Amino acid sequence: MKVERPLWRVAVVVGVALAVALPLSLVIYQSFLSAPFFQPTAKGSFDAYTFVFSDKDFWTALRNTVFVATGMTAIAVPLGGILAFLMIRTDLPGRSWIEPLLLSPVFVSPMVLAFGYVVALGPVGFVSLAAKSIFGDVPWTIYSLPAIAVVAGLTHIPHVYLYASSALSSLGSDVEEAARVAGAGPLTVMRRVSLPMIAPALLFAGVLVFFLGFEMFALPLILGDPEGILVLTSYLYKLTNRFGVPSYQLMAVVVVAILAISLPLVLLQRRLLRDAERYVTLKGKGARSKPLPLGKSRWIAFAGVVLWLLVAVGIPLAGIGLRSVVSAWGEGINITEVLTLDHFYEVFDYPPLVHGIVNTILIATIGGAASVAVYALIALSVHRWPHPLARIVDYAVLIPRAMPGLIAGLAMLWVFLFFAPLRPLKSTLVSLWIAYTLVWLAYGMRLISASLLQVGRELEEAGKVAGASTGRVNREITIPLIRFGLMSSWVLIFMIFVREYSTGIYLLGPGTEVTGAQLISLWGTGAADVVSALSVINVATLAVGLAIALRLGVRLR
Amino acid sequence: MSDNLKLDEVRLTLGGNEILKGVSFALGRGQVLALLGPSGSGKTTILRAVAGLETPDSGKIEIDGKPVFDGSQKHFVPAEKRGLGLVFQSYALWPHRTVNDNVAFGLRLRGVSKADIERRVQTALDQLGLGKLGARFPHQLSGGQQQRVAIARALVYEPPILLLDEPLSNLDTKLREEARVWLRKLISELGISALIVTHDQIEAMAMADRILLLNEGRIEQAGTPTEMYAHPHTIFAAEFMGANNRLLGTASSGADGRAHLKVGGVELVGTAQAGAVSGDAIGLIRVERVSVDKAGGPGCVEMDLVTRMYLGDRWEYLFERDGLSVRAYDAEPLADGRHHVRFPADSLWIFSRPASA
Amino acid sequence: MNFRRSTFAFAFLSATALSLAATAADVPAGYPADYAKVIEAAEKEGKVVVYSSTDAAAAQPLLKAFAKAFPKITVEYNDLNSTELYNRLISEVAAGSTGDVTWSTAMDLQIKLAQDGYAMTYASPEKAKLPSWAAYKDQAYGTTYEPILFVHNKRLLPEAQMPKTHDEFIKILTEKKAELTNKVATYDPERSGTGFAYISNDQLHFPKLWDLAAALGGVSVKLYTSTGTMLEKIGSGEHVLGYNMIGSYAINRGKKDPNVGVVYPQDYMEVVSRVMMIPAKAKNPNAAKVFLNFVLSLDGQKAMADSGLFAMRDDVEGEATAKSLKAKFGDKLKPIPVDDTTTQYLDQTKRLAFLKKWQEAVSKH
């Protein structure tokens, strides 16, 4: 009796649950078999669990993964919070041009970043060689577990920033003003008032980053390769080779283990989100807050932000950029002698790479818009619906992201193969779009619901009392009110889709080539020069998309 | 069937807290009823339950004789089908629509023709003195104008009942007093029924025909403004309805419903509430009922003037003696020193003191 | 008007005649007469879906040559790594239908597919032109002849100092231990299937393999999963010496990057071959046959040589060919045969035992 259960809401919830459960249940089912689930020889068995849990490498990989995830969370959360405070609340110089750059680490493929780090900061990278000429030695190594954690931490700051900044901007500035009147300097205000007030958002982001640490693949793959550093995702690789042929049941067990760790996190995150909602103070009118003057220390803060941007994006992108225009690099090479544009000509010489670029743009723009529409539909279907079914969606959306991209990709292939209604879509861009949309469900939903949280409950209730059905309220009130949020979500999804690399690997084929996945397969065969040129094009696509969006007045928050 | 609205034993739980613990009342046609109470008393929840924005656990709500909620039948009419008008505390004007579009929304939903919409919106705006502001957006209006738009939006489709949630709380003091008069006049001119939520007893008394005083999810007392002010049944009602002197002491019963209250070294005579009173007691007397008597006499106590405050139209004084301290008004400035302070026995209500008071 | 129509009609007729003639002429010498029917059916199918671990860029010359020879058959070329290829094939077969040709560097996985009954039995008319070790039960065919080489950074480790044999490789590792520490790269047999194949095959030809492994351990060899990373890092000077590198990639890389050099081992040289097969459940079996035959044909093998993938047929001339290798190295060439032996290490016990031995050897220093 308590809450109504309109059919359309139920339908959307069931749809989401199904979309998540299909690949997930395949993986879980597989973990209890002795052979690939589609082979007649497959029998029920716990052997896979026994094997994995008694494998020394599994525990090493798990330990390393926890280390990296913890380390990156410990770095990204405080720095992301500080960054948000500086950007939203203070008179930090250059905020307007820093803002679009802030998110760049998220949108550059980690593959590209990692390779860029090797070219710039590796033992013979150009920055390292410069350092060597000064110090006589390279005072760092990027092929270590702590280095991976630091790089991952620095590149995940924007995730925290996104949540922290939206929480901060919906927080009334009067609480900070009260603290300042009481005699607190900017630093104290931030430490004692602002950041504690947005603690739920920070915690939420922290859990997300920790989560992403489990799923991270390209960074440990490239930076951990020479030392053979294993994390759970690269352990999957090793497992495959242990037997020479892929053992799905073992991989499935690892995924189940990852889920067993991340599902409690999902529950935690859900709780945190509820708390976060309690903190939302913005109603109809949002008071514009005055920036907090930092005084002279604003230049120190500015230098900090620039240094971070330099390390997290500038240096690796410079590395990739440099690599794309030289035929050789390293110790003792005179750059001016090896400059060339051949790698770019090469890219445009191979039709599949050109198709990849075109498809990437298509799936990111049109597909991105369609995904935002899907996310909005799902978000609206559970919006202000206090039914237990609505909670299923909250939990469900985070699950696909908890699966390593490669496995998610394989599971998606299975879904398209063995779920008859989807089979005709298999080798079309639509299949890729569905996979992308599903894997980024949590991220997209979070973007939309952040906008929805800003809509005062009463604005919608006023519509209902006036006689409008829920659908009508959504169409005429809620959606128009979040239209700017939808636009910025579209831009963010566009960027995510441009860089996406692991999900699509198994769905790739003629007609469904995308740059991100091509980069991975090219890297394997040693075409580093084409990889770098293609990366530059990939990053340029992002930059152009972002520039157009900003030009059209889209705000990213 | 002259009741516009009827609630019967409505109970409602939110997040594990029982907000309404069985509320029953009726709103007569053309009547203005104020739901009065401190925050957390459940007044807004009642309004929202009537509007269909909250679903009670049990009980019954009828509008114009038709049930819109019946816990025993599992019957619930959603907000959009109840046809009521609601003015939100925040006004909840849609920021992306002009004043015209805000007001026209309810008519559009009812399939009114374009020409009619235009005419009726204009009439409503004219009526509320907003005639020329139709093309503006809400953020281009003052607080008072926004409030009127919100009312116009709720009235334009002629709902049987107008619900107002703290309609005046967002206005500044001066504007609030004007709006009070204006709103009362508007409602009586239109002859509609209205349910007003407020936490301000003066607002409630000024605007309502009847007041429903709520305390922790229950109706503490219901009645006309004069009944509520002059004859509160409980300490809570007495304290809530006016500005009082609160005297803690011990009581002993007297004759003819009188009681004696001993506060410090002073003994006062008052009216015993709810039968005989003895032992720990609390005496309540409205500040304006305490007066200074030049001559003194029965019911008077000699007290020291401690503090004075000039309020413009009168003075407010604080008197003390032997642990008894009271506030009183007087039109005249008084000299320092001792004065005869009168406590009319009919106005000093003496209640038994509950253990917690 | 009349005139124009007749011209048009003539053009149409002659085009038809030409295409008929072309089809007939396309049956190469030595092919059965009814091969024309296969081509006809293939053209009707119109496309061939190839799953390949050879990246599209490297396969470009081959694909262009095929397009020229069979313009009516489009190639849908799917670029996958060898594990993905295997996964995709067995999944798709279970679901009903799959690609038409698989072409992979992972010889063991291809043979395993054939052993497990995924391959179509088809005797290619080109079979006679191939070495006997290159065909597996008319089901899987070797297509290239790629040497496994030593790779070095020419600036930091000049060719004169480079080892020429596996013995010398051990020697340089021990003699220049300090200089070469952290500077040597090879595949990680634990994480890379191809790497496993090369090093496990070394056992057959090099009795001192475990000394080599220990020497590699002595210089803290860096172990990789992909050729790309290793070549990039040898080019940049992060590493100076690479063991068991795929020759075709390294040589191609050396053409672009003057720092990368290769050395052909003189004592013995492993040769690997990309294996091609037609899945039993291929959707376009005729087009698949035409494609397979083309890859094995003289024209196809010439294209293979052009892209530096080393043609395996002895009648192909040029630098990247079996012929030129054989001329220089003769019986030092040790091709890994396309037969059941490639899958011996898919046996878990055997594989784990080898890996354990490798790990012990490498960590003992």
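By written order: A, B and C. Residues from 1 in each chain.
The definition used in the following text is that a contact is a pair of C-beta atoms (placed from the backbone, for glycine too) under 8 Å apart; a residue touches a chain by one contact, two chains touch by 3 or more.
Here is each chain with its UniProt name: A = ABC transporter permease; B = ABC transporter ATP-binding protein; C = ABC transporter substrate-binding protein.
All figures in this text were calculated on a predicted structure; none of them were measured in a lab.
Of all chain pairs in this entry, the one linked by the most C-beta contacts is A-C. With centres taken as mean C-alpha coordinates, the chain found closest to the middle of all protein C-alpha atoms is A.
Each chain's centre was taken as the mean of its CA atoms, and the one lying most distant from chain C is B. In whole angstrom, the spacing between the mean C-alpha positions of chain A (ABC transporter permease) and chain C is 36. With each centre defined as the average position of its C-alpha atoms, the distance from chain A (ABC transporter permease) to chain B rounds to 53 Å. Taking each chain's centre as the average of its CA atoms, chain B and chain C sit 88 Å apart. Chain C makes touch with chain A (ABC transporter permease) in their complex at residues 49, 54-58, 60, 76-81, 83-84, 86-88, 90-92, 94-95, 108-109, 112, 153, 155-156, 182, 185, 188, 190-193, 196, 222-233, 235-238, 249, 252-253, 256-259, 343, 345-346, 348, 351-352, 355.
If you check the complex, the residues on chain B that touch chain A (ABC transporter permease) are 51-53, 55, 57, 71, 74, 76, 78-86, 88-96, 105-106, 109-110, 153-154, 157, 163. Across the complex, chain B is touched by residues 1-4, 283-285, 456, 458-459, 461-470, 472, 476-477, 480-481 of chain A (ABC transporter permease). On chain A (ABC transporter permease), the positions that touch chain C within their shared complex are 36, 38-39, 118-119, 122-124, 221-222, 225-228, 234, 237-238, 240-246, 327-333, 342, 346, 349-350, 352-353, 410, 413-414, 417-418, 423, 505-506, 508-510, 518, 521-531.
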